[in-house]
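What follows is a set of structures for review.
Presented sequentially are two complexes of chain A, the first with chain B as partner and the second with chain C.
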Partner chain A sequence: MKLSYSGKAITGMLTVVPAHERKFVDEMANFNFSPKRSIKLAEVMGYDRHRIVAGAVTSSDLAVAGLEHLFAGGKLQREEIDALVVVTQTPDHLMPGTSKVVHGRLGLHHDVFCIDLNQGCAGFIIGIMQAFMLLDQPTIRKVVLVNVDVMSRKVSPRDRNSYPLIGDAASVTILECDAGAPAIEARLKMDGARREALMIPAGGLRRPSDATTAEMVEDEEGNFRALDNLKMDGSAVFNFVLTEVPELIRGLLAETNTDVADIDSFLFHQPNRFMLQKLADKLGVPYDRMPSNVVEHFGNSSGVTIPVATTSNLSARLVEERLRVCLAGFGAGLTWGAMLLELGPLNFCEMIEYQEDNQNG
Partner chain B sequence: MSKVPAILAQVRPEVDFTGAADFFEEGLLDSFDLVTLVSELDKAYGISIDGMEIVPDNFNSIAAIETLLRRNGVTP
Partner chain C sequence: MDEFLAEMAEILEEDTVNPRDELTSFESWDSLATLSVVAMADDKFGVNMSAQELQRAVTVEDLYQLITAKKAA
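Take a look at the complex of A and B:
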């Protein structure tokens, strides 16, 4: 699907990562593989350390911490929020939606349009699209987009295919009307037929959680996980990304008469370093214009990785200048999307840490 | 002489690949070893194997790997 937007812009971005950090070398003993084999894989994929919550922290905890930081710093006022979009695969509850939990905990006024989206690694792209649709309403001038996942609580610590790369994080992105903003082009594709490639099989109504869904079972590659855990078909996801994403990006660039050289930064979802370098090779993008260091420093936080890549690599530039960027998100659904836009100068672009002695609600 | 056996030995030093008909069918390599193997081949031969070629069929034997390398314009 082709999507176009005008008169809208991203005006601020904050990310929240847990202060708690774990190192891959300290977790290797959990995996059913020789240390040498694990270290070799870590070098290729970029596993080093990841930020994951230590306790029973929820998505709304990270989101509220981010928004309270903005309120305290005067970067956002409660009363100017017209809409709150929360994108998460790890909601606090099956119902109500996490946007309502955040709304209540922050004491926002009753005229806020709250909506939840269940999206994975394409969640930042889809969240922006939803925010832009809301900004078409004359009564909505400012949208707060929250992307948040605490996926470490749903991944088996004995699953070498997923656990070392997982990170927890939240982002708060402010989107506003701006009559002078340059046009934005986006593309989005879905394939629900391949939905099982990334799935948490149990815990919904199709397969409610019970004692059997919590049982750890060894797979053919020596990983242990339960039906309550995230299951990633590594080969299927790998082939999906390296087949579909280059085609999507090439189409977007061609249809907008844009060359790779015209783009200052390719801010892609961060599955692992290997996959990103393969995408860069295929698209002819120099590695220094496609950050691939998020898994290494923070972990893959699903729909939050594009904001994490942005705030950890480009924050100093983005508060000073305008960059032409190509965003791409791809993952659960399967869903893949891309967006070409000019970003900055932003009112704020920063990362903060979440301390777990914060009061939880 | 082909460098492929030495590269395989780097990826799985504890495994004897000689005589195996299909590395994946016989459990000598798994999908994550494949990623490590591709990375080692890229480095050793100064190439970037295309993502669409990274499927087990292209890596299930020494002969298959050597064919892939030749397709990428290098001598195994």
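Take a look at the complex of A and C:
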């Protein structure tokens, strides 16, 4: 699907990561694999350390911490928020939506369009698209987009397939109307037939959680997980990304008469370094223009990885200059999307840590 | 075939591999190695193999046959 936007821009970006950091070498003993093979895996995938909450932290905890930081620094006023989009796969409750929880905890006024989106690794792209649609309304001038996942609480610590790569994080992105903003082109594709490639099988109404869904079962590779845990078919996802994403990006670049060399930075979702380097190779993008270090330093936080890649690699430049960037997100759904836009100079572009000792929801 | 064997030796972390070597005889033949073969098939042969398809291979040569057969198809 082709999507186009005009007169809209991203004006600020903040990410929140848990202060609590864990190292892959310390977690290796949890996995049913030889240390030698685990170290090889870490080298190839780029596993080193990741940010994981220590206690019962929820998505709204991280989101509220981020927004309160912006209020305290005068970078955002409570009263000017016209819409709040929360993209998460780890909501505080089945109902009401986490956007309502955040709205209530922050004491926002009643004229706020709050909406939750259940999206995974394409969640930043989808969130921006939703925010842009809201900005078409004359009464909506400023949209706050929150991407947040606390996936560590849904992944089995004994699943070497997923646990070493995941991280928890939130981002707050501000989107506003800007009559002078250059046009933005985007592409989006969905394939629900392949929805089981990334799934938490139990906990919804199709398979409610009970004692049996909490039971740890060993798979053929030696990973232990329960039906309540995230299950990723790593190989199917790898094939999906390697096939669909380059085609999507090539199409977007060709249809906008854009060369790879015209793009300052390819800010892609961060599944692991291996997959990102394969994507860069296929697209002919030099590695220094496609950050791939988020899994290594913070972990893969699904829909939050593009903001994490942005605030950890480009914050100094993005508060000063305007960069031409190509965003891409791909994952659960399956969903894959890309967006070509000019980013910056931003009012703010920073990362903060969430201290669990000081902030109890 | 020579280039394929060199690629396989690197994936399996061996100095050399023989076409008749059984994959399960290598300690390094695991899901990561499978993924590396998928990536190599894509990169060097332009073939999109799934890990499931590769599971049918017993020997190194079987892998080569599976990849080249799919490329020819």
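Criterion: the second predicted complex is superposed on the first by the 358 of 361 C-alpha atoms of A that agree within 3 Å, B and C clash if a C-alpha of one lies under 4 Å from a C-alpha of the other, contacts with A are read in each partner's own complex, and residues count from 1 in each chain.
Going forward, a contact is a pair of C-beta atoms (placed from the backbone, for glycine too) under 8 Å apart; a residue touches a chain by one contact, two chains touch by 3 or more.
Model, not experiment: these values are computed from the prediction.
In the superposed model, A:Phe113 makes contact with neither chain B nor chain C. Contacts of A:Leu279 after superposition: chain B is touched, whereas chain C is not reached. Once the two complexes are laid over each other on the shared chain, residue contacts for A:Phe238 go to chain B and to chain C alike. More residues of chain A are touched by B (comparison of chain B with chain C). Shared interface residues of chain A (contacting chain B in one complex, chain C in the other): 34, 36-37, 40-41, 44, 161, 221, 234-235, 238-239, 242-243, 274, 278, 281. Residues 10-14, 30-33, 35-36, 38-39, 48, 50-52, 54-56 of chain B are the ones that touch chain A when the two sit in their complex.
Note for the complex: chain C touches chain A at residues 13, 27-28, 30-32, 34-36, 38-39, 42-43, 48, 50-52.
By the touch rule above, chain A contacts chain C in their complex via residues 33-34, 36-37, 40-41, 44, 161, 221, 234-236, 238-239, 242-243, 274, 278, 281. Taken in their complex, chain A has these residues touching chain B: 34, 36-37, 40-41, 43-45, 160-161, 220-222, 234-235, 238-239, 241-243, 246, 274-275, 277-279, 281-282.
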